[in-house]
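We just call them A, B, C, D, E and F in the order they show up, numbering each chain from 1.
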Amino acid sequence: MFGHVKDLQFEAKPDGPDAAFARRLQEILGGKWGEMTVANQYLYQGWNCRLPGKYKDLLLDVGTEEMGHVEMIATMITRLLENAPLSLQEAADDNPMVAAIYGGSNPAHFIHGGGGALPTDSNGVPWNAAFITASGNLMADFQLNVTAEAQGRLQVARLFNMTDDPGVKQMLRFLLARDTMHQNMWMAAIEQLKQDGLEEMPVPDAFTDSTEFTQAPEPVLAPGDPRLYGTTPDLADDLLDDDAT
Amino acid sequence: MFGHVKDLQFEAKPDGPDAAFARRLQEILGGKWGEMTVANQYLYQGWNCRLPGKYKDLLLDVGTEEMGHVEMIATMITRLLENAPLSLQEAADDNPMVAAIYGGSNPAHFIHGGGGALPTDSNGVPWNAAFITASGNLMADFQLNVTAEAQGRLQVARLFNMTDDPGVKQMLRFLLARDTMHQNMWMAAIEQLKQDGLEEMPVPDAFTDSTEFTQAPEPVLAPGDPRLYGTTPDLADDLLDDDAT
Amino acid sequence: MFGHVKDLQFEAKPDGPDAAFARRLQEILGGKWGEMTVANQYLYQGWNCRLPGKYKDLLLDVGTEEMGHVEMIATMITRLLENAPLSLQEAADDNPMVAAIYGGSNPAHFIHGGGGALPTDSNGVPWNAAFITASGNLMADFQLNVTAEAQGRLQVARLFNMTDDPGVKQMLRFLLARDTMHQNMWMAAIEQLKQDGLEEMPVPDAFTDSTEFTQAPEPVLAPGDPRLYGTTPDLADDLLDDDAT
Amino acid sequence: MFGHVKDLQFEAKPDGPDAAFARRLQEILGGKWGEMTVANQYLYQGWNCRLPGKYKDLLLDVGTEEMGHVEMIATMITRLLENAPLSLQEAADDNPMVAAIYGGSNPAHFIHGGGGALPTDSNGVPWNAAFITASGNLMADFQLNVTAEAQGRLQVARLFNMTDDPGVKQMLRFLLARDTMHQNMWMAAIEQLKQDGLEEMPVPDAFTDSTEFTQAPEPVLAPGDPRLYGTTPDLADDLLDDDAT
Amino acid sequence: MFGHVKDLQFEAKPDGPDAAFARRLQEILGGKWGEMTVANQYLYQGWNCRLPGKYKDLLLDVGTEEMGHVEMIATMITRLLENAPLSLQEAADDNPMVAAIYGGSNPAHFIHGGGGALPTDSNGVPWNAAFITASGNLMADFQLNVTAEAQGRLQVARLFNMTDDPGVKQMLRFLLARDTMHQNMWMAAIEQLKQDGLEEMPVPDAFTDSTEFTQAPEPVLAPGDPRLYGTTPDLADDLLDDDAT
Amino acid sequence: MFGHVKDLQFEAKPDGPDAAFARRLQEILGGKWGEMTVANQYLYQGWNCRLPGKYKDLLLDVGTEEMGHVEMIATMITRLLENAPLSLQEAADDNPMVAAIYGGSNPAHFIHGGGGALPTDSNGVPWNAAFITASGNLMADFQLNVTAEAQGRLQVARLFNMTDDPGVKQMLRFLLARDTMHQNMWMAAIEQLKQDGLEEMPVPDAFTDSTEFTQAPEPVLAPGDPRLYGTTPDLADDLLDDDAT
C-alpha cells in the first residue's frame, strides 16, 4: 500500500514560464528513460520478486521515491506552461522569442492538457509500458536499472544545458544527484547479488553453453498449405529447374 | 449500410491559410477525444447493442452524423494547409509570422499527406481504436459518451481561442453547439435507461457488493519454476534468515 | 512524495494456480480501464489541478489508493502463474484442462516476465498513457472518472463469473466494493462542483453557443502546391468540364 | 454527410457460435488490411482530393460502401461470440472442442467487449490510423488501393478455409466477390489516370531523374556538441591515431 | 548472413547543418514509407518465400540494398544536426532563421539521440513493424512493393523541394533514381509472375467467386450472456413493444 | 553498405512442426529483447557514433551479425508453422495435442503471414523502434547492450525449456552461446572505454553533482489562462478559505 504527503521531495518552481522548454522536459517525465519508466519498472520488479527481503524491499522503496520525481517534474511543467502564446497572432505581434516559443511548444499541452503536464515524451507520444521490464531475474534487471539511471542522467544533463532558468536548473541538479546515487546503488546491488551467490554474469549462469557450431547451407522451405494461397513450388515445379542452376 | 451526399453539414472554409492552426485542429479530428473517436465509438456501440430499438438506433444515427464532422474538419484542415512555407529559406526570407508558422506546423502534412488532412492528433500520433469502448452495457457506455462530448467540447472551445480566423471560428461554433446538444442527449439517455428499468448506477447494478474487508500482511511469494531462471528463495535459503529480521 | 508499506490493502491469494485466468486478470491491471489507468489518471489530474484544496487532495488520495490496487492484482497474477505447463508436451501428456490452460495462457508471462505480472492487457498489449486524461477542467475529468469506475467495475464483475477460485473471487469482491464506492464518490464530487459554482454541464459552461446554422454545398478545394506532386485541377483542366455535369 | 439504413448489405448470420473463429474474423475487421482500413483510407483520399469529379466521387462512394462491410463483420462477430465458455471449469467439463475454443478465443471479447466485436486485429491489437495513406497523388494511392484489396481478398480466402460454418462461408463469399470487383476497379482507375494525362508510373512522373552516381568512402562525422555529452573525437584524440591505421 | 563494408552507397554530406530539415528527413528513414520499411519488408518477404530461386533472391538482394539506404539517411541526419540551437536563449539572440530552426526541429534529436538520427518519423513517432507485410503470396506482395516505392519516391521528391542545400539535394536525387528503378523492377516482377503461371490478378486467382447476392434485413441480435451484464432484451421485454413501432 | 550470402550462420530446422512454439519463438525475433532490437540498436549506435575507429566498427559488425540471427529465427518459425490445424474442426477431430496447438498458436501467422514469420512478439504485437536507443554516449549505450544480451539470453534459455524438439534446441544452443559471447564483449568494451579515458560511471562523468538539497512544501499553482476553461482559483476564491483549514 502507498501513502502520499503534500510536500515535494524538492522544489519544482521555474523563475519564469517557457512552454518550449516544458515540451522538452516531458522527455524525462514520459519518455522511454523518464521517471514514469523507472518508477513503474522498479515497482513491478519488486512485486514480481519471489525472493523476500532486502532486494524486494529496495525495489519497492526506490520505485516509490521515483513516483515523487514524476510528481516534481509534472509540477514544474505545469508552471512552465503558464502565460504561453496560444495563437499565431500573439506569436507574431511580439518579439522573435515568442515566435520561437510558439513553434517549439506542444499544442496538446493546451488543447488536451489545459496547461498541465502530459504523460508523454517531448514529441507528445504517450508513455507505454513496453518501456519497462521485470524479468524475474534480478541480475538481468539490475543491469537494466543501471542503464536506465545512466540514460536518464544523460538526458537530465543535456536538458540542464538547454535552459538558462535558475529554478529549472536547480531541480535538474537535484535529479542529477539522485540519478548518480541510483546508478551507484544498482551497481552495488549487482555486486551484492554475486556475493550472495544468487546470480553471475553472463545471465543466466545456470545455463551452460555448448561450444561447437558450424555454418548451414541456404535453407530450402517446404511447399506451403494450398489453403493459404501462398506462392510455392507446388504451383511452379517447372520454374524450379531454371532457378536451381 | 451507409450512404453519402456531397454537401457538408456545415461550411468548412477558413478566411485564409494557417498551417500551424491546421496542425492544432488535428486534435479534434484524430486525437483521443476527436471526431474519429465519437463516430467509431457510437457505431460500434450500436452494432454490438443486443437490445433492438431506440437506443441502438440512436447510437447508429449519432455515429453516422459524427462521420460528417470528420469530413468537415478534414476539409477545413486541407484548406488551412494551402500556401504554406515548405523550406527554411522561405520561412527566413519572410516576416516572423512565417517563421512561427514553419516552426509550428507538422511536416508530415506535406511530406506524407501532400497538403491534406491526416488521421492523427496535433502531434502527428496516429488515431488508434483503443480510444473507443463498446462494453455492451449501455449505462457504462452512455457515461463514456457524456464524457467524450464534454472533453470534445472543451477542446473545441480552447481551439476557438487559438485563432482569429472568422471562417474557422464559425465552424467551431457549429461543432460547439452540436457537442452541447449531444452532451444533453446522452445525459437524457442515461435517465431514460433508469426509467426503463434497464440499469442503475453504480454499474453493473445486478452485482451486489459484500461489505466486510480487512487488510492483509506482506505477501510472500512461492519459489518460481527453476526453468525460468528467476531469482528465488530456493537459490538463496541462507539469505532469508538475515532478511527476516 | 509517496511512501510504501509492505502490507496489502486486501489479501491477494488464489486457492490454486491458473495461468489462463492470470492472462484474463491482466485486463484490470494493464488494460484501458484497469488499475494502472485510474491510478495514473487521478494522480495527473491532481498534479495539474490549479485549485488547491479538497478536489486536488481527493484526486491525489484516491490515485494513491489505486496504486495499492495495482500492487494487489500484480501479486495475485504472479501467484496464479505458478506451476503452469510450459511446453506442448506437458500440455498433451495431461488432462484436457491442462491443454485449455496451455492454449489460454499468455506465453510472454513466462518468456518475458519469468512467471510474474506484466504491465499489459489480457492480450499482452502494453498499457499506454493515452488511456488517461487530465484536462484541467474538473467537471470533464470527474465525468471521465465516473466512467472509468463504471467500466472498471463492469470488467471486475465479468471476471468474477469467469473463475471458481474462492481466493480470487474474494479479492474481486473487494475491488467491486471499492469501485462502487468510487463511482458514488465521483458522482458526489460532480454535484459538489456545481454547488461550489465551479462548473456546470454541458462543459465548459463559460462558452455560450450560437444557434443558427445552415448546411453547406459540396466543398471545392483549391489546386495544390505543384511542389507536392498531388493530383490537382491545374494538371487536369479539361477533365473538369466532364465532371461538372 | 452520411446517412445510415438499418438493412445490411448482405446477411451476416452464422449457423452456430464459435468464439475462436470470432477472434480470427477480427483480422479483416480491425487488422492492417481489414475493412476499417479500406473504409477510412478511401474516405480520407476522397476528402483530400483536390481534383473535383469522378475520382473524388469514386473514393467517397467506395469508402462509404466499406463502412457497411465493417458493419456486417462486426455483426457476424457479435453473433459468433454467443454461448462461449467463459471459465476454465466450463472448458474442462466439456469435450475437447470446448477446450480448443477456450484456448483459441480472445478474452477481451468478453471482459472488455461484453460479447461484442472489438476494433482490433485477431490478436487484440487495436486498429490504428497509420494503416491508411492519403498522399494527395492519386496514382500512388490507387496503387495502394489495389494492394489493399488484394491483401484483403487473400485474407478472406484464407478465413474461408478456416471454418465449416455455412453462414460464415456465405458472407465471406460475398466479401470475396466485392474485393474482386474493387481490385478490378482500382486497376481500371489507374489506366484512366494515365488516359486523362494526370499521372504516369513511376510516380511522380513530373520529377526527372539524374543518372550518374558514384559510391562514397566511409563517412567521418564531426565532433559533437560537448553539451550533449556524447563520445566524440574531441575527448579522445590520441585514440584516433590507432584507429586511423 | 550479412556483411558490411564501410563505404556508403552514395555520399551523404550536407553543405551545412539544418536541424529542422533533419527532422523532416526522418520521414523517409523511419516513417511508414521510409527505408526501414522497404528494407525489412523485402527481407521478411524473402525469408518467408517458399519458392526457391529468382524471386526469393531478388527480395533478399533488394532488401539488403535498402539497409544501405537506411545507413545513408541516418548519416545525413546526424550531420544536419550539428551546431543546432539548443536553448530558447540561443534561438532568440540570433536571427529569425534560428528561431524557425528551433521551432521546427525535434527536441528528442538532442535529448534522446545526442545529436544523432532516430528510428522515427518526422514527428518522432517510432517506426513499427506493422508497416511491413509479407503475406506469402508474391503477387499481393509485389503490388505492395510497387506501392511502397511509389509512395517513397513521392516523399523524396517533396523533400527535394523543401531544402536549398546542394549536398542534401544530391543524395535525394540518388534515392529518387533508385526508387524509379525499383518501381520498374517490381512492375516487371509482377509481369514475370504472370508469365511463370504463378499468380494472376485479382489475388488470389485460385479462388473462384460466386455471383448472386441479395441484401439482408436489419440484424436482430440474440440476448447476451447475463454473466456479462450487458443491456439485453432479456432485461427489457416490455420495452421492445414500443421500439417495434 | 551491406551484402547478403544465402548460407545461414547456423542451421534453423526443427524436427517437426509446432505452431504453438512458433508463436513463442516470436518473442526473441520481434519482442522487446529480440534479435530485431539488437540488430537495429547496434547499427544505429554505429551510424551515430562520432568517434571513428574500433568502437564504431564493433557496433556495425555485431549489428550486421544480428541481422543474420533475425534471418535464422524467421526461417525456423516458417518451418514450425507447417501442417498446422487451421480450423476448429481439425483441432477437435484430432487428439488433445492438436487442440492445445490450435489454442496456443497465433491466428495471424496464417491469415496475415500465410504461414511465415511475423515481425512481432509472442502475442502478435508489432516490433517498434522505441525498443532501441542510440544516445551518442557509448558508456550509456554499452550498458544497455550488456542488458539487452542478458535479457535476450535469459529468454532464449527459457524457450530452451519450453520445447522437446532437438532441432529447435540445437539452434537455441547456438543463440545462447552467441549471447554469452556478446555479454562478455560489451562488458569488455565498457572496461576499454574507461581505459581509453573516454567515459566513467556514473554517466555522464563530465557533469559534477551538487550536494545540498532540501525538501519543498506543497506546491501551489497559479491560476490558469481562462481561455483554457480549466478549474482555477480565479473561479473559486471563496472556496479557498475552507480548504486552507
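Note that in this section contacts are C-beta pairs under 8 Å (C-beta built on N, C-alpha and C of every residue); 3 or more make two chains touch, one makes a residue touch a chain.
If you want to know which protein each chain is, UniProt gives these names: A, B, C, D, E, F = Mn-containing catalase.
What you are looking at is a predicted structure, and each value in this text was computed from that prediction instead of being measured.
Peer 1: Between the options B-D, C-D or B-C, which interface matches A-E on more than half of its contact pairs by residue number?
Peer 2: Match found for A-E within B-D, C-D or B-C: C-D.
Peer 1: Between A-D and E-F, which chain pair shares more contacting C-beta pairs?
Peer 2: Looking at A-D and E-F side by side, E-F shows more C-beta contacts.
Peer 1: Quick one: chain A and chain F, Cα centre-to-centre, how many Å?
Peer 2: So the centroids are 13 Å from each other.
Peer 1: Using the average of all C-alpha atoms in each chain as its centre, how far is it in Å between chain D and chain F?
Peer 2: 25
Peer 1: Taking each chain's centre as its mean C-alpha position, how far apart are chain C and chain E in Å?
Peer 2: 29
Peer 1: Residues of chain B touching 2+ other chains?
Peer 2: Within chain B, residues 1, 6-9, 32-33, 50, 75, 78, 86, 96, 99-100, 102-104, 110, 112, 114-116, 123, 125-126, 128, 130, 133, 135-137, 139, 154, 157-158, 161-162, 203-204, 207, 215, 218, 221-222, 224, 227-230 contact more than one other chain.
Peer 1: Once you draw an edge for every pair of touching chains, what topology comes out, line, ring, star, complete or other?
Peer 2: Looks like everything touches everything, fully connected.
Peer 1: How about chain F: which of its residues touch chain C in the complex?
Peer 2: Chain F reaches chain C through residues 18, 20-21, 23-24, 27-28, 31-33, 95-97, 99-104, 121-123, 125, 154-155, 158-159, 161-164, 215, 218, 220-224, 226, 228-233, 235-236, 239-240, 242-244.
Peer 1: Which bits of chain C are touching chain A when the two form their complex?
Peer 2: So the residues of chain C touching chain A come out as 1-9, 30, 36, 40, 43-44, 47-48, 50, 57, 60-61, 63-65, 67-68, 70-71, 74-75, 78, 112-120, 126-130, 132-137.
Peer 1: Which chain B residues qualify as touching chain E in the complex?
Peer 2: Contact set of chain B toward chain E: 1, 49-55, 86-89, 91-92, 96, 99-100, 102-104, 106-108, 110-112, 114, 123-126, 135-139, 193, 196-199, 203-204, 206-207.
Peer 1: Help me check something: in the complex, which residues belonging to chain E touch chain D?
Peer 2: Touching chain D from chain E are residues 6-13, 32-33, 75, 78-79, 82-84, 86, 110, 114-116, 128, 130-131, 133, 135, 137, 139-140, 143-144, 146-147, 149-151, 153-154, 157, 160, 173-174, 176-177, 179-180, 183-184, 187, 201-204, 207, 209-211, 213-219, 221-222, 224-225, 227-230.
Peer 1: Looking at the complex, which residues from chain A come into contact with chain D?
Peer 2: Within the complex, chain A contacts chain D at residues 154, 157-158, 161-162, 227-229.
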